[in-house]
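Each of the next two complexes has subunit A plus one more chain, namely subunit B in the first and subunit C in the second.
Presenting the complex of A and B:
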C-alpha cells in the first residue's frame, strides 16, 4: 500500500498540532512526578523515575487542600446563583419583545469584555467598608459579573430553539407563564443550562485577579495559593507543578465535556 | 376559546401574561448585575475624582476635580503601558490567526478521521488551562538553567537565552505562552467558518481548480471573515484584560518590559495604593472597552438590530 505524500503531510501536521497543544500540559504533569534534583538538572531530563512525593506533600499541606476547598465553594455557589438568576432572565429575553431589550443585551455582553481590574478597585474599597474582604461571599458575588452574561447568552439561545407550539398548548390548558417556564422551558433547556453552568464553573475556578485582591488568608483560592509558591529562593518546583496539575485537571475534564460548545462559550455566540 | 383561561381554581385570570411579566423574570438578574457591576463602577467613577491614597488616611479623601485624569493623561508610563499592550496585540494576533487558520485547514481536510478527532479535542486543553497555571508552566519552561526552551534552542545550536530576566526575552516568553493558549481559539472559530461552506459548492470548486490558495481565497474566505472579525475584537478586549498569566510569569518586568495595562493599573492601585489615580486609569480603560464591545455588537450581532 502506498501512502501519498499529501496524506503523510496531513498526518504529520495533525501530529504537530497535538504535540503543540499538549506539550506545556505534559511538561507540567511530568515535572509534578519529578524529584527536585531531576527538575533542577540541566539540561532537563525527559526520562526519570517518577515519584509521588510532591502529591503527598501538597495533600498534607492544609494550605493547598484548604485552597482547593475554597475554590470549590466559590465556584459551585457562584455557578448555582448564576443559573438561578440567569435562567429566568434568559426566558424573558427568548420569549418577549420589550423596550430596551437590545440595550440590555449590550450591557450583558459588555460584561464579557471588561477588565477585572476596573471592578477590582472599587469592590476592594467597598469590601473593606462592609467587612466583606476575605469572605467567600465577596468572591461569589463578583464572579457573577462574568458568569451571568455567559449563562444568559447560552440559555437564551437554547430557549429560542424550543418550539412555540408547546407553549401554545400549555397556555390553552391555562398554565401561567411561571408554570410554562418551570414545566416546559427548564426541562427542555436543561442541556443548555448544563453547558452554561460548566462554563461558569471553569471561568470562576480559573480566576486569579479578583481572588488575589479580595482575599487574605482565610479564603485564598487555588490559583492564589499556586502563585504564592512563587517567592523565596529555592522554589519548590515539584510542589508547584503538582498543585498546578490538581488545579487544571478538573477543569480540563469539564472542558472536554463541553468541547463542542467551546467557541460559543468564548465568543458569546457571535459565531456559530 | 381564548388563551385567558378562567378556571375557578385560578383566582387571577391572565396570570403571568401582563405587560410586566418579562420584568419579573429579568429583575433578579438585572438587579444583581446592577449591585455588583454598575454600583462599583459608579463608586470607581467617584473615586477617580478624589485624592484617595489609603496609606495616607490622615489626609482624607478630598475631591480634586479632574486632577487624577490630568495626571494620568500626562503620565508617560501610562501611555507606554498602553503602547506596549498594543504592541503585544499586534505581535500575537497575526501569529494566532496564521497558525489558527493552518490548524483549521488541517482539521477541515478530509481523511485521517481518528487523528483528526484527537487533534480537535486536544485544542480545548490550552483554552481551559487556568491562566495563572499557564504562567507557572511558563516560568518552568523558560527558566535559564533548567528550562526546556533553552534545551530546544541548543539542539539548533543556539546559546542559552536568559528569557525572563531580559527585556526582549520576557516579552517573547509571554507572547509564546499567549500564542499557545489562544491559537486553538482562532483555530476553532475558523474551523466553524470552514464547515459553513456548503458542501456542493466546495466540491464543485475542488473540481474546477487544483489550487488550494484559489479555493481558500474565492470560496472559503467569505465564510471565514465573520470569524476573523470576532477574533480581532475579542482578542483586543482579552489583551486589555490580560493579567493572570503575565503577573505570574514576570510581574510586568524586567523593568517595564511586560508591563501591560492591567498589570500597570493593578500596581498603581494595590502596590502604591493610589486608588484615585488607579480608578481614573480604570475608567479610561473601561471607556476603551465599551468602544470595543460596541464595535463587536455592531459588526457581529446583526440579528439584534
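Presenting the complex of A and C:
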C-alpha cells in the first residue's frame, strides 16, 4: 500500500498533538509510581522500578479519602441541581417568546464574563455572614452559579435543534407543556444534557480557587488536598502525583458513563 | 349539515396581513383541499383550524361548537405534518399510541386501536421499529396512522406528500382517497399541487395572497374558472392566454382582434358580447388539451418552435405575438420546428375574461 506524503504529514501532525496533550498526563501517572529520587533525577529516568509507596501513603492518610468523598458530594449535587434547574430554563428559552428573554439570556452570559477571583472576597464575606463557611452547601451553591449558564447554553442550543413540528404534533395529541418537556425534549435533548453535565461535573471536580477560599478542615475537596502537600520545606512529588491520578479517575469514569448518551443523530427520522 | 365553518377569519403578523378574511363552510364527510401558490396563506389557515396559530379576528366552528380560541387538543382534530413530525425516540407503536396515552385510555383499548390503524395502513410488521429505520412512504403512513387512531372529528393534512418521490406520491394519493372513503371523515388538505387538488377534493378552495379566489368542485373550477388566476392555476399544462381587443359587436357575435388568431380576428357567438364594449381588452383563454392540430376551420395560425413527445401524446410549443402558445395533442403529429401550425378549438371551450381578469 502506498502512503501519500500528505497522509504521512497528517499522521505526523496528529501524533504530535496526541503526544503534546497526553504527555503531562503520562508524566503525572508515571511519577506517581516513582520514588522521590527517581522523580528528581536529571536527566529524567524513563525506566525505573515502580513503587506503590506513594499510593500506600495517601490512602493511609484519611485526609485524601475524605477529600475525595467531599469532592464527590459537591460535584454530584451541584451537577444534579444545575441540570434539574437548567434544563427547564433552557426549554423556556428555546421554545417560548417572552418579554425580557434577550436580557435574561445576556444575564446568563454575563455571569461567565466576570473573573472568578473578583468575586472571591465578596463570596467569602457572604459565607462568613451566613455561617456557611466550610460547608458542602456553600461550595454547591457557588458552583451552581457557574454551572447553570453552561447548562442553559448548551441545552438551549440542543433544544432549539429539535423540530418545532414535534412539539406541535404533541400538543395536538393532547400533551401538556410539562409532558412535552419530559417525553419529547428530555429524551431528545439527552446528548446536550449529557455534555453539559460532564462540563459541570469536571468544573466542580477540578475547581480550586473557591474550594481554597471557602473551606477549612471539614469539607476540603480533592484539589485542595493535593496542593496541601506543598507545604513546609519539601515537595513530596510522588504523593502529589498519586493524589492527582486518583482525582482524575472518578471524573474519567463519569465522562465515560455519560458519553454513551451523546449519540449523534438521535433526532434522525423525526422529520422528512 | 355544516361541519366546519370559517367566518371572516383574519390573521396578521404585526402590520402584515397574511389571511385577509376567509369565510367558508364544509359539510360532514367532505374532502376539502386548500390550494394556491406558496405564500398564499393556505398552511397558516390550516394551522389556525388546528389551533397551532392564533386567529387575529373572525370565528371558527367545528361540529357546531365555536373553537376560535380553544386549545388544540380540545378541538378533536388531528394533523399530518409535511415533515411527518414523528417522535424519533419512540417506536411506531408508541408514536401511534401517544395521543391515546395522553387521553388516559386503558391499555387494552390503546392496543386495539393502534393495531386496527396498523392493519388499515399495513404497518403491522413495522410496529417495533423506530422512525429512522423506515422509508419515506412508511413514515408517511405512520404519520397518518397516528392521526387516525384517535378518531378525530376533523383530519388536517399539511402538504403531506411533498417530501415523497413522484411514484410514491401518486400511490399515497390513492391511499388517502381510499382512507377518506372508508372512514367517511371530514378532511382538510393543503397542497400547492393542483393535480393532488383535482384528484382528491370534493371541493377546492383556491387561495391567493390571503384571499379566496374561488370555491368549487374540481370540475367546476376546470369548466368555469372565476378569473384568470384560477384558470391558470387549475389544469396542466397551464391555460394559454391571449390579450385581444374587441373589434366589433353585432348582437351576440363578438369579434376579437389579435395577430395570433388566424386572419387576425376571432368571431364568437356568445352572450358575453353584451357585457363588453367596442375596443375593450378581452383575455382569451385556451386550454392546451382543447386545441386540435389541423382542424377544418383553424382559430390560431402559428409557427412551431419545438415539440416534446410524451409517448402517447405530444406537447407543442408555438411562437406567437406575445406569450408562446402550448398545445397538447394525442399521437405524434408529423411536424418539424419552423413548420406552420394551425390549431382549432370548439367555441364552447373558449374562455373570455375582462380587463380585471374576471370571467365574462
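Throughout what follows, the second predicted complex is superposed on the first by the 234 of 272 C-alpha atoms of A that agree within 3 Å, B and C clash if a C-alpha of one lies under 4 Å from a C-alpha of the other, contacts with A are read in each partner's own complex, and residues count from 1 in each chain.
Assume a contact is a pair of C-beta atoms (placed from the backbone, for glycine too) under 8 Å apart; a residue touches a chain by one contact, two chains touch by 3 or more.
Note that the structure is predicted; figures quoted are calculated from it, not measured.
Of the two partner chains placed by the overlay, only subunit C lies in contact with A:166; subunit B stays clear of it. By the touch criterion defined above, A:125 reaches subunit B but does not reach subunit C.
Once the two complexes are laid over each other on the shared chain, residue contacts for A:194 go to neither subunit B nor subunit C. The partner that reaches more residues of subunit A, of the two candidates subunit B and subunit C, is B.
In the superposition on chain A, contact is made by A:18 with subunit B only, not with subunit C.
Of the two partner chains placed around the shared chain by superposition, neither subunit B nor subunit C is touched by A:69.
Of the two partner chains placed around the shared chain by superposition, subunit B is the only one that A:42 touches, whereas subunit C remains out of contact. When the shared chain is aligned, subunit B comes close enough to touch A:181, but subunit C does not.
Subunit A residues in contact with subunit B (one complex) as well as with subunit C (other complex) are 168, 171-174, 179, 266-267, 270-272. Touching subunit A in their complex are the following residues of subunit B: 1, 3, 5, 7, 10, 15-17, 21-26, 28-30, 32-33, 36-37, 40-41, 43-44, 47, 54, 102-103, 106-107, 109, 111-112, 115-116, 118-141, 145-148, 150-151, 154, 177, 180, 183-185, 188-189, 192-193, 196, 226-227, 230, 234, 237, 240-241, 243-244, 247-248, 261-262, 265-266, 269-270, 275, 278-279, 282-283, 285-286, 289-290, 292-294, 296-297, 300-301, 304-305. Looking at the complex, you find that subunit A touches subunit B at residues 7, 10-11, 13-15, 17-18, 20-22, 24-25, 27-28, 31, 39-44, 84-86, 88-89, 91-93, 96, 98, 102, 104-126, 141-142, 144-145, 148, 152, 168, 171-174, 176-181, 202, 205-209, 212-213, 222-223, 226-227, 230, 237, 240-241, 244, 247-248, 251-252, 254-256, 259, 262-263, 266-267, 270-272. Put simply, subunit A touches subunit C in their complex at residues 163, 165-166, 168-175, 179, 183-184, 187-188, 265-272.
Listing the residues of subunit C that touch subunit A in their complex gives 50-52, 72-73, 77-79, 81, 83-89, 98-99, 102-103, 130-134, 136, 139, 146, 150, 163.
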